[in-house]
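Per-chain numbering from 1; labels A, B, C and D assigned in written order.
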Amino acid sequence: MTSSARARLLISCPDRPGIVAAVSQCLCEQGANIVHSDQHTTDPAGGVFFMRIEFDLPELDSRGASLTRALEPIASRFQMDWKLAYAARLKPMAIFASKEDHCLLELLWRWRAKEMVADIAMVVSNHTDLRGLVEAYGIPFHHIAVTRERQDQAEAAQLQLVEGKVDLIVMARYMRILSPSFIRRFPNRIINIHHSFLPAFVGADPYAQAYSRGVKLIGATAHYATETLDAGPIIEQDVERVDHRNNVEDLKRIGRHVERMVLARAVTWHLEDKVLVYGNKTVVFA
Amino acid sequence: MTSSARARLLISCPDRPGIVAAVSQCLCEQGANIVHSDQHTTDPAGGVFFMRIEFDLPELDSRGASLTRALEPIASRFQMDWKLAYAARLKPMAIFASKEDHCLLELLWRWRAKEMVADIAMVVSNHTDLRGLVEAYGIPFHHIAVTRERQDQAEAAQLQLVEGKVDLIVMARYMRILSPSFIRRFPNRIINIHHSFLPAFVGADPYAQAYSRGVKLIGATAHYATETLDAGPIIEQDVERVDHRNNVEDLKRIGRHVERMVLARAVTWHLEDKVLVYGNKTVVFA
Amino acid sequence: MTSSARARLLISCPDRPGIVAAVSQCLCEQGANIVHSDQHTTDPAGGVFFMRIEFDLPELDSRGASLTRALEPIASRFQMDWKLAYAARLKPMAIFASKEDHCLLELLWRWRAKEMVADIAMVVSNHTDLRGLVEAYGIPFHHIAVTRERQDQAEAAQLQLVEGKVDLIVMARYMRILSPSFIRRFPNRIINIHHSFLPAFVGADPYAQAYSRGVKLIGATAHYATETLDAGPIIEQDVERVDHRNNVEDLKRIGRHVERMVLARAVTWHLEDKVLVYGNKTVVFA
Amino acid sequence: MTSSARARLLISCPDRPGIVAAVSQCLCEQGANIVHSDQHTTDPAGGVFFMRIEFDLPELDSRGASLTRALEPIASRFQMDWKLAYAARLKPMAIFASKEDHCLLELLWRWRAKEMVADIAMVVSNHTDLRGLVEAYGIPFHHIAVTRERQDQAEAAQLQLVEGKVDLIVMARYMRILSPSFIRRFPNRIINIHHSFLPAFVGADPYAQAYSRGVKLIGATAHYATETLDAGPIIEQDVERVDHRNNVEDLKRIGRHVERMVLARAVTWHLEDKVLVYGNKTVVFA
């Protein structure tokens, strides 16, 4: 899974003939062996083309630079937005949490079971409740209190902790809103989770609203945070059934279960370079 | 399933001690044998109590009146809203449709397979496209054109067809909005189906909006029509997965599948007297 | 949830008229208020009748004995197999585990989140790997090595730990087979989890077999242990999708997820007295 | 969907470097534009490689022969098992049925709704019950009685109807077993559906067995028929939930629903050239 020879090439570019041929020819000449490959085009006539190639290149550490040089003219010719990721270089990530532990625990658990491969550099929280839990996993825990008046100061402290240190921030039920300027520093690199309902409920206490409307499904949506709250590109969604026997507390409990499953899937896919963003949506090569 | 001895007793009333004892004692004395029983209370201290009892009473046709008389004082004592339904008396229903056939066909099919037990008295449509299909099932088809200017006249004609003739109206993708005055004549007896998305999309062409937002789930909601459009008590909901490979046409096709499944389940539960409404929500003893 | 007034009455008996009337009349006279009630009969004519009534009785601790005395003649008259369980009296349980932690962790987590209400008295393992994890939760951990030659001795030690101390034993991926004589001491009180596939695969390494057959679903089944291995009454089952991209390791990982979800649901239902057994099957009033 | 320019190239071959490069280079030179592409390898070191490329080639009818000639040396070099399918050339298929109509109807319906694109050349049945239904869709219906004594004669008559006329045979609950010699004539071109349970039940009336074991899931499996009954490569599987309230008739009804959904998906994928077989399993590029 984290073989030292394994790498992933991600490409988005305007679709036109010859992209696959050029890239696969280049990989072949460099000695790479394609393991998986996924492609998608929004429209063969003038749409956007997406490709994810997972390949093995023996001695990747020493030969990766040469591969990069070989890909550059192709990328330039096809106006590619591209990235080469080495599977063995674990992505450093921070988890932001508040008091609820369900999402955090699911992530820590999958991480320890090696089902989710990352370098969890730290957990940052505006409360101290989860310190013991986090430190038991051997992960640094940073408490940064956030008050309405001193939000800027808190964000500055958070930024100092994470900037340049992590590739990904996961909001594991972190109950504070990050400012647009913070979010702009991590484009498509902050994953958030929120509940979702059919129909949508606006305003306070959506679970109470969902209960009084008698919904039969409770859902959750994982998405990349953008400056528009809860409106960023969707990575994953799922639902669970509920019925009239479930009270508001039950709905919240069931909501927690679906949240932790959906967030864990979304984060894992991101870490495996399976999510490509364009416009306000995602291509997930799961 | 439609045994001549089988009946269903449905009760809603303020919850207080002794309801189950009184009703079950009465049924026992009358010679009824309980087959299924479901109960629910929104709150044991002063909430609303719901009960559905399915029972067999030999010679129901002749002994039903005596049972009704025996239940009346109990109903009065506990301020019950109640109903006694004989399984062998098929509920007459009308299906309203427009041009799309997927929901209509699913209902006709389950009806012919005896999975959905009803007396489908007629199909009413504002178009003639589905006439051949409906008549092949031996069901009367009525075409009532609906124009914006003469909507009142069309509704009057519809009303004349259905009033006193049917217990239930199913809107199987009937693309016209019924007027509040029409809907008020059939309280909790008109079932409608509509698509639903996470998040919700307001305005024209929701499938195009869902596509451009990159949703991962497409859903449908069956509900009782009320004067507030698409905001009546929810009977059933379900979703199907979609991904980036699905174009807008795919989303619509997948939407049709989930619509027909959800509508068929909701209608079947209604026909089996499994749905109780209170406030703007349902108790479904499925 | 664990209100001191809350109790559950579970009944199985030959079905005949008057059971519900007699029981509900008795509860009413004793001052109990029914919160939920579920009934099922395998056949109204001479089948088996099952009932679960959840009720509130103020001052249950002092008035419970009087209720029990009042129920006794009814139970005798209808030949009932019955049980009265107080919600506030947590069921003591032991978890048996080996080296894998996924099922154990899911149970401990739900227990700490108060989603699963029990008194986890101990974890018993034939390995020491999980000691740290268990003790971090403040739960006693007992290591009892099990060798093929000294299995009797190990079981005797296990029995000494649990007999008279626990109501329920959960085999959370405990990889040793318990002897028939051990199992007979805990009828319908040992819950086990195992993988399940469509079709079934007999013999060694079922995941490898499932992989080579190209199955599209991986499942798990939670059941009560009986003397016939993996053939006891089924409590819960579920599946997850897999496809050709999943290798044998992926299938195992996905299998672990479905195992922990299915086992946690089954154990929770058992603890809430929602599972009744008859013959080799269950009635689950979930 | 059935654009005259659209084609699909399917390839299986021993995996080695350069396959994708060679094929995509060739398609590019011939003027084809790749719309979708899926690849899979069972093992980058010496495994089997699978690829499905969907592309548009203007004037495909006249330029297809040239493309084929250009691909031939590549196919030969890499020892490819390959196929070029034109989307506009509808695959002729026969549906074999007996008395049950649920699978047949689901296929006819999707076909008429253009959700399943094929040329349904005929329905062949060993009973006459479904004649009216089939002919209402304008499809030829052939009745060939099958008796135990004259099975050979019946198969000869069936063979005369289908051989050279159809590419695919779908057994839509056809309740007779086809002989090995018949099946060998249509390798990976006969799709069958059967129920499936966790655990598996061998022998007569599996629904009664599933009921008496109290299963919580009812499933169905669509597979290619091979000489070993119900053991061919699996194309698709799914399950539905059941519980103690469902009697044997309910299980059968629910089984019919899951059968028709699973069969329709499997047939549609086959018709869209999305299923590749190797050994006794499938790669489904759904």
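Criterion: contacts are C-beta pairs under 8 Å (C-beta built on N, C-alpha and C of every residue); 3 or more make two chains touch, one makes a residue touch a chain.
This is a predicted model, so every value here is computed, not measured.
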A-C compared against B-C, more contacting pairs: B-C
Chain whose mean Cα position lies farthest from chain B: A
Distance between chain centroids, defined by C-alpha means - chain B, chain C (Å): 37
Distance between chain centroids, defined by C-alpha means - chain A, chain B (Å): 41
Overlap residues in chain B, where contacts from two or more other chains coincide: 36, 40, 245
Contact set on chain D toward chain A in their complex: 15-18, 20-21, 24-25, 27-28, 31-41, 44-45, 55-56
For the chain B and chain D complex, residues of the former touching the latter: 36, 101-102, 105, 109, 113, 115, 136, 245, 253
Complex contacts: residues of chain C adjacent to chain D: 40, 196-200, 212-217, 219, 221, 233-234, 236-239, 243-245, 279-284, 286
